[in-house]
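To keep things simple, chains are lettered A, B, C and D as they appear, and every chain counts its residues starting from 1.
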Amino acid sequence: MQLKMTLDELNAFMNEQFPQVSDDFEVLDVAPMHATIRLNVDDKHLRPGGTVSGPTMFALADVSVYLATLAMIGPKALAVTTNISMDFMRKPTSGANLRSETRLLKLGKVLAVGDVLIFSEGDDRPVARASMTYSIPPGQ
Amino acid sequence: MQLKMTLDELNAFMNEQFPQVSDDFEVLDVAPMHATIRLNVDDKHLRPGGTVSGPTMFALADVSVYLATLAMIGPKALAVTTNISMDFMRKPTSGANLRSETRLLKLGKVLAVGDVLIFSEGDDRPVARASMTYSIPPGQ
Amino acid sequence: MQLKMTLDELNAFMNEQFPQVSDDFEVLDVAPMHATIRLNVDDKHLRPGGTVSGPTMFALADVSVYLATLAMIGPKALAVTTNISMDFMRKPTSGANLRSETRLLKLGKVLAVGDVLIFSEGDDRPVARASMTYSIPPGQ
Amino acid sequence: MQLKMTLDELNAFMNEQFPQVSDDFEVLDVAPMHATIRLNVDDKHLRPGGTVSGPTMFALADVSVYLATLAMIGPKALAVTTNISMDFMRKPTSGANLRSETRLLKLGKVLAVGDVLIFSEGDDRPVARASMTYSIPPGQ
């Protein structure tokens, strides 16, 4: 299986399509069925106490599987999240950016399934785990 | 089972503890093991195309089970989300607020489990479904 | 929305298609987007200690959403489970049959989503909760 | 982190505690926070059509995380499954045994979280993915 989008194309696509969040996310690495994405943590992502909020980790997982899928099927797709399951396992490190490691487990005609581990940069124990299903519209 | 917090106490607690999001959420109704909460949809909650974003629905589900749990155990708790599963079933109606209907299915000493249906106001077909587990710290 | 299969037709369908487990399950009630199903608990369903095993509760949830879906789309379908999430909340009562209450939350052309509460007969606190997604093959 | 049970001890533990299913499962490999387990597929595991049933894959995932956890905390534990999420991604190969690859992502005092990929032997594309949470009783 081959990539249909490069690292630069993925970052450019995100800047164009999601300008309001594109400063938050940066694709660090992409390979067939894999992607590594950083979330630049900012005050707006924090809960009282200084750790990254649940919705922010959800957003990182969602973007990560979405971009890993687009890297394989190309930028025209309008995949829609249909299911997510997440486990929150540790408090993210205060002040550290987050990094997601995504692998696509299935890339079918109708459904794509990926899983994600989320880390605080500088710590190799995952803070959260997610698995997500995307529905891929026909005729793309 | 009896409520330990009234509707007004829940809304006041949210304003105090989460001032940055308390304008977004309003507890409309609370009963033993149940809560109804409105999300006042705003530009910041929208995706391109005008529908409410996934992370926003996640945040609504998370707040809903959290507040339904606090209503039963009182405001001192520091419950932590450990697991969530969500199904996104329909596009939310553009321009409509969201309403969540939450029921607690288990309220143990260590874990609370709740499920949530999310609706666009004015439509009785759910746009999303969530189930969540909260870990309740000992000694509370 | 209208039923395409009656209670008797659902039970007959199960006997014909799944003879090896049809003694285990009995559809007690069916209505548009709802079904109530009993699991007749037997030694083979038990874990050491006498409570119903996890795989047995999984099977009950799976059958329940499947039959609730067939009731709406008719007996020719070959729907396939694509996702399940379950919370196990209480030990089932030793010696009691299980009863599932299923509601379909979405019945689309491609995906059906349902959720299930499982009870030990004689106790109104749920022992488990499940949500499931079925993929409906095209052209049915 | 160190193992508290060897491969042989895990297999012996399973034979003793779960005699009714111990022929089905065999621990092939164990390492800190990892385990590889085989399901010897038999007629009783099959659905009409000859593929392994959902409840059977559930049972494999459940046993896998359970044994990976016991390997780390020792055989006295009575861990209880509290949550599972599974994605079924491909039909298992007809006639092939299944193999699970499990990694523990968190081993806390109260909760353990693991994820599992399930393969048909001879094919490196996962047929299913699971993540599971176990509650570890206090005082163990």
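The working rule: a contact is a pair of C-beta atoms (placed from the backbone, for glycine too) under 8 Å apart; a residue touches a chain by one contact, two chains touch by 3 or more.
In this text, all values refer to a predicted model and were calculated from it rather than measured experimentally.
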(message) Going by the touch criterion at the top, tell me which pair is linked by more C-beta contacts: B-C or C-D.
(response) C-D
(request) Return the chain whose centre of C-alpha atoms lies at maximal distance from the corresponding centre of subunit B. (result) D
(message) Nearest whole angstrom, what separates the Cα centre of subunit A from the Cα centre of subunit C?
(response) 34
(message) Based only on mean CA positions, could you tell me how far subunit C sits from subunit D in angstrom?
(response) 24
(message) Counting only Cα atoms for the centres, state how far subunit B is from subunit C in Å.
(response) 28
(message) I need the residues of subunit B touching at least two other chains; which ones are they?
(response) 82-83, 85, 87, 89, 133
(request) Please categorise the chain-chain contact pattern as a line, ring, star, complete graph or other. (result) complete
(request) Quick one: which bits of subunit A touch subunit C in the complex? Just the residue numbers, please. (result) 82-83, 85, 110-111, 133, 135
(request) Quick one: which bits of subunit D touch subunit C in the complex? Just the residue numbers, please. (result) 17-18, 48, 53-56, 58-59, 62, 80-89
(message) Which residues of subunit D touch subunit A once you look at their complex with the stated criterion?
(response) 85, 87, 89-90, 105-106, 108, 113, 115, 117, 125-126, 129, 131, 133
